[in-house]
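In what follows, subunit A forms one complex with subunit B and a second complex with subunit C.
For the complex of A and B:
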């Protein structure tokens, strides 16, 4: 079939669709149960809410080519690479990028468990694409359609599936790249590198302060939530829960604002004039340049490959 | 819901990044230099608030509260939200660095609109303030959903279905956000009404 119609129509045998759906449902249920169990194990108590937030620079003490790399070069070249990766279109380029990111992760000697957690946070959003895009992608000439007799009106477009998978591959690749970028130096060093690159110093300071206070407020939230549970509060789907949550938020904001004023006063009392003293030493060695050029060249190569040779 | 990397066409990602940068700079201009640490600390509390899960039938949703942030921080809200998103991508949620601009637009613009709406229409009566606060909270989510759908639609015709679904997914959350925001505003009116009177809560009443 040529011209305006779809390229191929494959009709599946009846009975395949329920089977596929059943397998998908079982896999999904297993995944959810596994995540719940893992989350409960990590937080040690209530299985419904996991408050723990991993530390951003958790692997900053290691030894690897990323750890020894000047933060300025690391930021510019890995961010550049990330933009080259999201500019690609084909599934093959996406998978190549994913392999590249995984190799970088291995070279940085970052535990897979850490990186996996980043990926888990994105599963919901990406799953939406995998499920929806094959069913809603506009049929173009040359598309292969898979038709299940049970839902003949909703053909499954393989080009849509490929599109969704390429999105997933790029998203996962960039997410994995964040680990070598951010976890291989103390956060203050990374942010100082950002400042040296011309980003206003205030931005780095704000990120550093906010990052610190997140953990303070998490502790506060945990305390408040324990108090509520002790008094018999259980979350359910009804108005009372929402009222309690509203009050809870209000209390959190009031406490944080009061703390804000106190923190600010204390900082001024210690001579804060809008700057933090820096500690990092930034000296560009030839190796820094080489690594930077290497990653940018990889990004360009990937994009050229994607636009010129890959379908 | 946030946009992850690799979804938007690279042009849309770069353009929204540039737009967010400009709006964030505008949002920061109002804050005096030395007061930036205050924004940072308040941002941390919003970040924590966004981790709260509200049960909804068999599942649960987490709060976005763009409307509420706008109500409390006014013009500084955009900066706070952009900062919060940087932290989210730093900490655990999304890679998101290339989609940061898009996400900042999606959450920050509703916050600005809702903050303005609240300050303009809140009036004096307590009931009215609670009502307007709730509406602002709900509208914040509606606007977020709309901007998300628009951004997804930049991907071309293939993405219209996903955009529609993403918009639809915001519908149940709207009611929850509206109610929680109304309750929060009501609580703040009782406990610390001056937070809602000033154009933004960062300036200490002296």
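For the complex of A and C:
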């Protein structure tokens, strides 16, 4: 490589780009193989388990400061903190936020595997930023450009890379923060807290029912899709596939609509009159206030640090 | 029972809980679902609401808790019409168990689902927890209090759905097909729970043995009308009525489970023809190499659940094999692997050759599968398109596709249905159509997953007849020992992903009777079958007996007509039990009001009393 300082143009040695791409591809393949092997080795003892279901509040049975925290305060303060994190600009602040979120996750005693799986789901989307932004950022005076001879017409802007990494860090921090926010209480309690904060009850009910029935609909979709595959259907790029998929989606819609009616009937039959009965005992304790103020203060401090001191 | 502070039950005026008069209901698409329904339900009644698919049973029970409004006629609960505040209160004491438990478990955890009803009844939050524990304890799910319902097995969901109602302590319990898709162990649990229920029970079911065990009264619906309202014993013993309404399940009474006791033949007895035994496999099949074979086969789901553990299985051409076992035993996973839908670890051979990736992808051409729920494989706009779908995917020419469509529809007795919309067919027709969609591909192996689930007895009988005629090598997954006996010669018993037993079906059924092996022991059904066979032992004779009947009759100069009771001697076909080889017998309760000719009876003096409670008289002259 040639050139070292800011504002320079660094020309990479030929062959570096293919090598980097190869390493990335191998790392991806290793990750996939590793996950498959881990899944195969895992032993399940309960015959009830049928298929992998990502449950939002999978760690709700626990004992930590987040589990004991009133859902209303948790919602306001952690969403507030997330807002402050998103408002930061620098990569350093983003990394600090990521550290804070990781610390919160550890304090909530949520299994890392669960959180990492969730982050993994975002990686494809975030990787797109890391690739696209450096290649498309408008070159400004003082920008350092990295030029690969293989794609010399598309210089790699390091400011763009920093911007992409900063976005990724903030996105990952907020995603991690959702774990202590949503996983440490039953979803219904969290949504009830949301209603107590003034969000219309219907919104909470819709989220709750969507979370419950998304799995049922997914299972129906899988069964119908299998029903087509065992009769030889394979998706191809022709009109027949479009016609069959149209039938498939239409039938799925009809089944979903019928189920919606039946569920509503079942709710009415047990006395539903527009509101889910409340379960949560919401009583604000001084500790709830203190925890809330602590996280809000943390967010403000992060923002001030970012705006006044960090580059 | 814990002391709880829920709304007290509404007071009952009179002795009628539901009073239905000339109830009519028409769906928006114009289908008349109920016509002139008049029915009186008293507290403590245990009613089986029976009839063929589409006879209006579900529509009627949806009226009983106000899910459907009265269009024409009258319906009252505890003396008042079901509307406004009275409807809201009534719903809190009328429990309705839906057929699909996923419809009923709409909350985030079992606790919330079971607490939903009591909280709506006004039970204070702090009193709900013990109620929930008690209700879940009753159905044996106390350990799953905070589980989400999508983590439960089907049988557990069904019991959890019942717990959501039991926690409300309902005065009326309405059950819509409570045993559909349950294995025998779960069915036994359910029947034990319902036997102890002391309120009014209304049960929609096609399983008349289950209904016979639980209910005392039978209401038969046919095309939206009530055709019979009499005792359960009368219904099951009167084969012409059963046959008339497509409910004759007598073919089941010869199932091996019901053969523990036989009746002495009586003169003139209406004997049930014994069904043909399943054909043994062709002699060549016994020596032929395996058509499909699994060796030391394992399968684990991505979440780690080990569904198959060391399966060794050989299936020869022409064989018919049943796979039985409790819910979650691994039966459906085994089928998926045989179909190539799932791939496990171990050797999978087809036609003596190991399956590689390419051959597995082509397995669908040789193995056909009929799913438990026909809705999972019906998605086309017409029956002809549906049946033609598979052959078209095989790349056959139009003439061959048309030939196969016609042949497959004829085979399942759906000739003339080519242009009908699958979505509009009845349950039994949809099931037969699903079979036709597979038969049109002319597979070598036919896999059937619970083929008779949700069918009425007539549909069930027809389907068994059709399946018995099919020449294909068959694998049948079922919880129903009757089907096993009728359609297979060999049985695999699965438990926790392993094959526990692999023996002749006759041995399996013998095992059923004597050892209650696995989860298929339905001792109550065997007892019911015996009892019903005895009831169906029927012949005609005459001796004096009392009638309540209505016809014009004379009191001196007065001629009038009203229901009145007195004794006659004339012949009747009675359903009754004889003490062994003795003339002594007793009659079960008969309908005491019936219409028949009595020679010159109208002219005889009628000296019966006309008390205050005599029905209004009709002056004839």
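For the reader, a short list of remarks on this structure follows.
By our rule, the second predicted complex is superposed on the first by the 265 of 311 C-alpha atoms of A that agree within 3 Å, B and C clash if a C-alpha of one lies under 4 Å from a C-alpha of the other, contacts with A are read in each partner's own complex, and residues count from 1 in each chain.
Just so we're on the same page, a contact is a pair of C-beta atoms (placed from the backbone, for glycine too) under 8 Å apart; a residue touches a chain by one contact, two chains touch by 3 or more.
Please read these numbers as outputs of a predicted model, since none were measured by experiment.
When both complexes are overlaid on chain A, the residue A:272 reaches subunit B and subunit C alike. Contact with both subunit B and subunit C is seen for A:211 once the two complexes are overlaid on the shared chain. When the two complexes are overlaid on their common chain A, residue A:282 makes contact with neither subunit B nor subunit C.
Once chain A of one complex is fitted onto chain A of the other, the partner contacts of A:202 are limited to subunit B, with no touch recorded for subunit C. Within the superposed three-chain model, A:125 lies in touch with subunit B and out of touch with subunit C [touch as defined at top]. Of the two partner chains, subunit B is the only one touched by A:137; subunit C is not.
Taking subunit A as the reference chain, the count of touched residues is higher for B when subunit B and subunit C are set side by side.
Applying the stated contact rule after C-alpha superposition, one finds that A:233 touches subunit C and leaves subunit B untouched. With both structures placed on the common chain, the touch criterion links A:167 to subunit B but leaves subunit C unconnected. In the superposition on the C-alpha atoms of chain A, the part of subunit A touched by subunit B in one complex and by subunit C in the other spans residues 48-49, 51, 53, 187, 209, 211-213, 216, 220, 247-248, 250-251, 254-255, 259, 263, 267-268, 272-273.
By the touch criterion given at the top, residues 48-49, 51, 53-54, 56, 79, 82-83, 85-87, 94, 117-118, 121-122, 125-126, 128-129, 132-133, 135-138, 160, 163, 166-171, 173-178, 182, 187, 202, 205-207, 209-214, 216-218, 220-221, 235-237, 239, 241-243, 245-257, 259-261, 263-264, 267-268, 272-274 of subunit A touch subunit B in their complex.
Listed in rising order, the residues of subunit A touching subunit C in the complex are 39-40, 42-44, 46-53, 55, 57, 61, 186-188, 208-209, 211-213, 215-216, 220, 223-224, 226-234, 244, 247-248, 250-251, 254-255, 259, 262-263, 265-273, 276-279, 281. Interface residues of subunit B facing subunit A in the complex, by the touch rule stated above, are 1-8, 10, 13-14, 28, 33-45, 47-49, 51-57, 63, 65, 68, 72, 83-84, 86-87, 89-98, 157-162, 165-166, 176, 179-184, 186-188, 191-192, 195, 201-202, 204. Chain contact summary for the complex, subunit C toward subunit A: residues 62, 65, 67, 88, 91-92, 94-96, 98, 100, 102-104, 106-109, 112, 115-117, 119-121, 125, 146-153, 156, 164-165, 168, 300-306, 328, 336, 339, 341, 364-365, 368-369, 371, 373, 375-381, 389-390, 393-394, 423, 437-438, 441, 496.
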